[in-house]
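Structures follow.
The two complexes that follow have subunit A in common; it is paired with subunit B in the first and with subunit C in the second.
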Partner chain A sequence: MTSERTTGVARPRRRLPLAEWQLALPLALAFASIFLAPLLMLVGVSFFNDDKITQPGFGQWAKFLGDPFSYKVIADTMLLGLKTVCATIVIGYPLALIYLDASPRLQKVLIFIIVMPLLLSVVVRTFAWIVVLGREGVVNTLLLQLGIISEPLRLLQTELGLVISLTQIEMPLMLLPLISVMSRLDPNLRDASAALGASRWRTLFKVIVPLSMPGLVAGCLLVFASSTTAFISQTVIGGVRLIYLPLLIWQQSLVVFNWPFAAVVSLTLLVSVLTVVSALSYLGRRSGGYVHG
Partner chain B sequence: MFSRRRLLAGATALGGAAFLPSIAHAKGSVAAAIYPGTWEEAFRAIVAPALKKKDSVDLELQPLFAVDQVAKAKAARGAPPFDAFVLDPGPRITAIQDGLFDKIDIKKIGNASKLPAGLVDEWGIGVNAQVVGIAYNPKKVPAPKGWKDLFTDPWVSRLGITGFQTTFGTVSLIEIAKVFGGSETNIEPALVELKKVLPKIAAVGQPAAMPGLFQQGQCDVIYTNTQTVATLKGRGVDIEFVKPDTGAITFLTTLHIAKGAAEVANAYKYLDIVAGKEVQEALTKPPYNFIPVNKDVPLPDYLPMKSLDEMSSYVRHDWAKINPLRAGWIEKFNKEMAK
Partner chain C sequence: MGRRRSLGDLSYSLVIGGLATLALLIIVAPVVIVLMTSFTEGRSLKFPPTGFSLQWYEALFDASKSRQIHRAVSNSLEVAAWSTGFGILFGSMASLGLARNRHRLARAADGLFLSPLVLPGLTFGLAALMYFTLIGFRPSLNLIIAGHMIVTVPFIIRTTSASISQLDPALNDSSQSLGASWFYTLRRVTLPLIAPGIFAGAFLAFMASIDNVPVSLFLSTARTDMLPIRMWGMMESTLDPRIAAVSGVLIAAAFLLMLVMEWTVGLTRRMRD
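What follows is the complex of A and B.
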């Protein structure tokens, strides 16, 4: 490598030196053993008919896929993810724009506020939302005292309450990639757009949004994957009447001990999330092509 | 850059760290699974020092719910991650059926003679009784008389319920089913009645979330055990326990030695100390509020019974019958209660 650099000889295809792939080998092996192997086992376990894992068959898949309730749960889980993604974009994007225009001092304060939810345990964050959204919580008390409502609103154990809390809980996952991409945008582009007569809105939608698309897509992927699998928030804030795939997995694996069925639900969650994530990723790539093409 | 020497040193340190738990184990310890929360706090504060003092054995507690213990032990296939289980009746039956326990030699547990007859068998010993009934907030609603009251105003609109995931949830729903014509194996009437009042019910939550929901005023009537009531009361929450007119429910919490346990002798010492008078008496005191089972320990005055014998009239359930049906009940509860 050193000789290449000093002599300035550029090879058309540079081969990875042996030592580099060797260094990556322990991680690759660890990944294969702690991620791939259990995943394959999960697939294997799902093809057993009984909870003792003795009779191979497609019984559990047939049971899950033959039940209309399963499709409702899948759809609800995916919708929850999409709603949370939309809410984090609506609130997060303007926040990222404010960050972009803020002084370096204010940026430090903002980044601290953005990262703060990540510093708290998910259990603490979730229970804090019980205090905020509860019947005698902060929101209801305030609205009652202001005379806006006469009876406490039901916010806890509703999908609205769950989406509100997930929006706050997942916000750092949207903002951090978004800010990271937007900070690298050339400020001259905005000036150029303005100099060419574009309004601020036109500049936003024709320049800033397309260029920030990689960060936005990365944020969407993270928020979607995290909110659809947020078991604690879903069950504690949403309650048991809002049924999502993680609750089914927990019930089947830890209460009923029907591991094959739990494996089926887990794989369904994995495939559903991967499908939406791939679609988002594809849209991101297309928008990237639009920007650069 | 990493030199080979630094890499080796790092690897050795990491490898050494991996052996640390086994070194601690070798000095005389026992790894016991314990329910998270009050149980863990109580056992850390009372049982661990007592075991250390009497037998010089270190108690390593692993906080796990009953179902998690069974799942972990099953997954470990003969090499359990702990030496002793603490279980409710349902998971206990599952663990026996899956061969996760060692049979115990009762002669090795001196304090077993201090336990009532029904609390000791070949698989383990009962160390705590749980009494389940109705809890309500006396400042918000009048005292309900029984399960049927929960389905009428003013209680129904303040009611918080949980499903079949836990022992107390399952047995409460069975009792509700019974008052509406069901039985231990037929919970259909409970679901039918619940469905009728579902829009009115204040909360349908995860069992672990119920005390928090009660404390925050989200619901003012729940079914729960005396221990939760005493703990919440200790924190200044307005809560009272009611023994339903059809009888309070009782079940035992039992300790067992895991099959393939690394420290069998120490596990016996652990079982013995938990059943002993000193520990049982300390566990009954606030903030732990356990119901003692050692015959030499007087019952605390907040309990709905004056003696352990009185509990023989309380409602008990046959978990061998319940366990096979539970998966179906959970599924049904999901479907009936889903929004």
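What follows is the complex of A and C.
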């Protein structure tokens, strides 16, 4: 920045009458006033004992952290995220491998199929799974007609149904970073591995997976962050019996109107998501070191 | 050895191919199934749909029967247009100001502007509700526009900064050494070159605003209803079959938009890189 400025002064030309970084000021002001200030206020509100926000104190934190139920909800929410991450890896990674081997024309079709759901409202994708998993839905109709089951299975309002749905809903977030990293890999690496006698499995686990780790980690982060906070999918497919942190935030803030408690829960959500996300990216960096080491 | 190798390769093709097919099926099937059920003749949403009719689309487009939905759609479009507009203005200015700046503060600001992408949206939504209420604002579309701008501007900054970092700095220098002013260089050299990046980001920001749940959930009221929140209501109480028709329209819109964006700015290429 300094060097740019000094050369600018040295040469006689009409430059912007202010330093270039000042172009970022309007957005910085907007972020300070409608992003950072609200978040600080959220932290402040969480330290009030009553829902009228008049008596400061640690009461709400003590109430939340003293209740074993809270830990169950936190654990369930994090587990939901991890299960979704695993499911998207198990079926998403092979799709990325197929994409890598496909002809350019097929690649165009595949990327279209992968990106398109991203442009489709999450609510529409959630609704689609109600039609698929419902009592009179696709899965039950098919299994009943094949005679595999005699009465409809309960798939909605179960964790299994929710994980299946979230797998589709979050899949593009896993695939895009994966494909982005994998298509930059040198194709000669795989040929070299095969020429040296490695089987395709060995090449996959010893060459492709380690080299695609940055994309895999990025995908895991996005899927985890998105599925743990997917309020609509969690409430509509999971129902009210499966309680996750987002549902608790909504109930406490917009149904019970206990804002300090809602603030405590949403800060808990923020901290737990960021903790797992930073742990994942730490592991990602370590595995990155292993490739070069 | 050769035999074992081919067995291994066979299992590789079967497992990888099978899982990838499953992935494609899981991605595509629900969308196709929703499209099919939206044309049902019946009164409920079961599969396979009975008969073929456009009754739910007719009910959806009926101005008096679906007034609430229409209001929610126009609110959503208005909010998306304004928040994307402000996002383009502030976001591309910020990218121009910071993309080439290696200073510690500039990197920090860049990280701050991108942070809504990883921050749980519900936390910001609740924070915004408390903040606006406690400093005395009444709920309005303007507040929703402000909230959406914050959570969608990262998309514009990301694609715009990527375009700027691919620019040859010599272009800027030669334009200015030929006597062009800073503003003339911006208008005639820089902007035309980074415009596709700005457009791609603006498109993603617009779609993210239309689709936003966490901010709208907290900031919208009955008067300022937003489409995803209304659709959530339609699914929560009794399953209103018009939601299949809404979904059908949104699927068609996403498909068309995707084709248009692919032809104009090469959207998928930008999302991969």
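As a working rule, the second predicted complex is superposed on the first by the 266 of 293 C-alpha atoms of A that agree within 3 Å, B and C clash if a C-alpha of one lies under 4 Å from a C-alpha of the other, contacts with A are read in each partner's own complex, and residues count from 1 in each chain.
In this text, a residue touches a chain if its C-beta (ideal position, glycine included) is under 8 Å from a C-beta of that chain, and two chains touch if they have at least 3 such contacts.
Note that the coordinates shown come from a computational prediction; the quantities given were computed from them, not determined experimentally.
J.: Overlaying on subunit A: subunit B and subunit C, fit or clash?
T.: Clash.
J.: For A:157 in the superposed arrangement: first (subunit B), second (subunit C), both or neither?
T.: first
J.: If we overlay the two complexes on their shared chain A, which of subunit B and subunit C does A:74 touch? Say first, second, both or neither.
T.: A:74 contacts neither subunit B nor subunit C.
J.: Contacts for A:85 in the overlay, against subunit B (first) and subunit C (second): which applies, first, second, both or neither?
T.: neither
J.: Let me test your reading of the model: by the given contact rule, A:136 touches which partner, first (subunit B), second (subunit C), both or neither?
T.: A:136: touches subunit B and subunit C.
J.: Between subunit B (first) and subunit C (second), which does A:243 come into contact with in this model arrangement: first, second, both, or neither?
T.: Touch status of A:243: first partner only.
J.: In the superposed arrangement, does subunit B or subunit C reach more residues of subunit A?
T.: When the residues of subunit A touched by each partner are counted, C comes out ahead.
J.: So, does A:235 touch the first partner subunit B, the second partner subunit C, both, or neither?
T.: A:235: touches subunit B and subunit C.
J.: Return first, second, both or neither, reflecting whether A:216 touches subunit B, subunit C, both chains, or no partner chain.
T.: Once the two structures are laid over each other on A, A:216 reaches no partner at all.
J.: Going by the contact rule set out at the top, does A:201 touch subunit B (first), subunit C (second), both, or neither?
T.: Touch status of A:201: second partner only.
J.: Applying the touch criterion given at the start, work out whether A:127 contacts subunit B, subunit C, both or neither, answering first, second, both or neither.
T.: After superposing on A, A:127 lies in contact with both subunit B and subunit C.
J.: Residues of subunit A that sit at the subunit B interface in one complex and at the subunit C interface in the other, please.
T.: 127, 130-131, 134, 136-137, 235-236, 253-254
J.: Under the definition above, what is the set of subunit C residues touching subunit A in their complex?
T.: It is residues 5, 8-9, 11-12, 15-20, 22-24, 26-31, 33-34, 37, 44-48, 89-91, 93-94, 96-98, 101-103, 106, 109, 112-113, 116, 118-124, 126-132, 134, 146-147, 149-150, 153, 176-177, 179, 181-183, 207, 210-211, 213-214, 217-218, 227-228, 231-232, 235-236, 239, 243-244, 246-247, 250-251, 254-255, 257-258, 262, 267-268, 271-273 of subunit C that touch subunit A.
J.: Within their complex, state which residues of subunit A touch subunit B.
T.: Answer in residue numbers: 69, 72, 127, 130-131, 134-137, 156-157, 159, 235-236, 239-243, 248, 251, 253-258.
J.: Under the stated contact criterion, what part of subunit B meets subunit A in this complex?
T.: Residues 65, 67-68, 70-71, 74, 94, 162-165, 202-206, 208-209, 212-213, 216-218, 326-327, 330, 334-335, 337-339 of subunit B touch subunit A in their complex.
J.: Residues of subunit A touching subunit C in their complex?
T.: Going through subunit A, the ones touching subunit C are 1, 11, 13-16, 20-28, 30-31, 34-39, 41-42, 45, 53, 90-95, 97-98, 108, 111-117, 119-132, 134, 136-138, 141, 164, 167-168, 171, 176, 179-180, 183, 199-201, 204, 221, 225, 228-229, 231-232, 235-236, 246, 249-250, 253-254, 259, 262-263, 266-267, 269-270, 273-274, 277.
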